[in-house]
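Shared chain: chain A. Partners: chain B in the first complex, chain C in the second.
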Partner chain A sequence: MSNPVQLLERLSTVRGLRGSVLVSAADGLIVAESLMTGVDGRAVAALAASLMNRLRRATECAGRREPVFLQLQAQGGSVLATPCGPDLVLVAVAGPDANVGLARLEMLEAAGKVA
Partner chain B sequence: MSDDIRGMTAELAADPDSLIFLELGEALRRRGQLDAAFKVARTGLGRYPELARAHDLFARIFCDRREPDRAFESWVTALQFDLTLVSAHKGLGFLYYQAGDLASAEKHLAYAGQADPDDGGTATALERVRADATAAKASVGAARVEPAQAEPPAATGDAVAPDDVMLPTIAGAGGLAFSFDEGARSPVQEAVFSGLDGGADGLLLVDANGLRLGGGLRNPDGQDVADSVAALLAGVSKEAARTTRLLALGDWRGLSVECGDGNLFLSAPSDSTLLLTVRGLDVPMGRVARFAERASAAARTWLERAE
Partner chain C sequence: MRTVEPWVTEPLERFLAESSARLALLMTSAGQVVAQHGFTRSVDVMTAAALGAAIMASTGEIAKLVGESNFLSLAHQGAKQHVFLSAFETPRGRWIGLVVFDAESTVGLVQLFFERLVKELAAAAPKQVPEQQVLPENFERELNASLRALFGR
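Up next, the complex of A and B:
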């Protein structure tokens, strides 16, 4: 497993990303974080983990494979999340001008290194 | 397996870039081997994503699978790449007819008929559509003059069964001009609407308590999983709203979920409902989102009517 903080800092170089957190999937607690000032890391962690768990159950029930990436789109930006193995979730907060496609690729790569 | 299919399969195996996949997919479709046809078409489309005839093949397979909304999308995509593809116009004419939009059906069939005047099937279908349109106008006129004595419009089942006329002719080809009538009703919306009352697959409208309001969902094995998935989706809308509010991102607009074998999109037609759209990996997430947007609008209309 690579150094999570370094991976998160690398993610923060993607244009428009306001930060990212590595979250425990079971309880939504922060494992590592790299967030801009003003972004509520605990809220990001808890809610994104909860959303991911709920969607995991829903996709399993629908006979689909596990989610590999999710994007919650809002007027002022997005919340992006990808599982890192069974125990962790990598979450990023993106502004409206973010390059979400690049962020997605970087997150999937980072998730592979963390898992 | 017949010799021709075996031969085409061998040719495709020897040269995966070969366009023989179009003929192979069509041959399999005609034999009713829809899963095999779908796989061939999907693989071919992966290699030639901008080939109109590949999208046309996909649409015909969806049509045979009784998935009109996906067939519609594929034919529309085919026309985006080749406005002159006659078979796509025939297909759209057929779907518009099924959706009850006779004006749009007539327009597409008229284009197809002009491009291929020797196609008797198209001419017959066009005559039927025009006769239906005339009968509908006469019926409306009679109702306006003498409501009590007016004849009721013909039942849908008695009107026209275009399958026998249209489906065998869908694979035609030729040149013609094309433009969409922006004001026309969309068969996609019609399909969503009928799905809300009946059983459209891959679209599921859920209320805040996790109860199904409309649509349907089956797992890849064909089992109905709509109610159990609906129950699990209860609260997602509130959770998404809470997340974006706490992060000062404003109202949430949609939630896209990529799975290993499919794309899902969640949207909120209203404050208290959630619409789940599920598509296979052959439909890119961007298109799933656009389709979900239209489905959401249709669901909103349906909800407003129901209230």
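Up next, the complex of A and C:
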């Protein structure tokens, strides 16, 4: 497993990303974070982990496998999330100007290294 | 949900809806129940309140031993159900919240919405509390009124 803080710092170089956080899926608590001021990391972590847990159950009930990537588009930007194995979730907060495609690639690569 | 203090109802209902907690108990630091949700037997409420208050008192002493003023909260992890306990200040003095949750929620979610509950309780608490003299002849009547409010009996 790579150093999670280094992976989050690498993610922060993607244009438009306001930060990212590695969350424990079972309890919604922060494992590592790299967030800009003004982003409530604890709230993002708790709510994104809850959302990912529910999505896992939804895809399971639909007979599909694990969700791979979540992009939640809001008016002022997006929340991106991807599972890192069964125990962790990588969440990123993106502004409206973010390069979401690059962020997705970087997040999937980081998730593979963390899992 | 049943409460002794009506102004607690709305913030507590919101907390329960947002956190998906199964059981919730608000009590004074002495273990006197202020509000409860989800408990069906009065004996369970009284036992949980007494144990919750005792746990917070014990951890307060441990905090002193290690040089902390107090621990804000603690969580007990179970196989299927978990308990979150937290003491907080209100305009009515120090209260304790005991929350039981399962796989529908997480400790992060409970903690997050509990902090909001504490803020909402502080804002909702009536500013002026009429001083009531505790008289022996009123004791049983007030006790029965509290039991009725909490258990509907």
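Details
Going forward, the second predicted complex is superposed on the first by the 115 of 115 C-alpha atoms of A that agree within 3 Å, B and C clash if a C-alpha of one lies under 4 Å from a C-alpha of the other, contacts with A are read in each partner's own complex, and residues count from 1 in each chain.
One rule holds for everything that comes next: a contact is a pair of C-beta atoms (placed from the backbone, for glycine too) under 8 Å apart; a residue touches a chain by one contact, two chains touch by 3 or more.
It should be emphasised that the depicted structure is a prediction, and the values quoted were computed from it without experimental measurement.
Aligning the two structures on chain A places chain B and chain C next to each other without any clash. Judged by the touch definition given at the top, the superposed model places A:Ser50 against both chain B and chain C.
Here the apex is the CA centre of chain A, and the angle it makes with the centres of chain B and chain C after alignment on chain A is 110°, in steps of 10.
In the superposed model, A:Gly77 makes contact with chain B only, not with chain C. Of the two partner chains, neither chain B nor chain C is touched by A:Leu105. In the superposition on chain A, A:Met36 makes contact with neither chain B nor chain C.
Once the two complexes are laid over each other on the shared chain, residue contacts for A:Asp27 go to chain C alone; chain B is not touched.
When the two complexes are overlaid on their common chain A, residue A:Val5 makes contact with neither chain B nor chain C. Counting the residues of chain A that each partner touches, chain B and chain C differ, and the larger count belongs to B.
Superposition on the common chain places the nearest Cα atoms of chain B and chain C 8 Å from each other. Across the superposed pair, chain B and chain C both touch chain A at residues 43, 47, 50. Chain contact summary for the complex, chain A toward chain B: residues 39-40, 43-44, 47-48, 50-51, 54-55, 57-59, 61-79, 93. Across the complex, chain C is touched by residues 23-24, 26-30, 42-43, 45-47, 49-50, 53 of chain A. Residues 217, 219-221, 223, 225, 228-229, 232-233, 235-236, 239-240, 242-244, 246-262, 264, 278 of chain B are the ones touching chain A in the complex. Contact residues of chain C toward chain A in the complex are 77, 105-109, 111-112.
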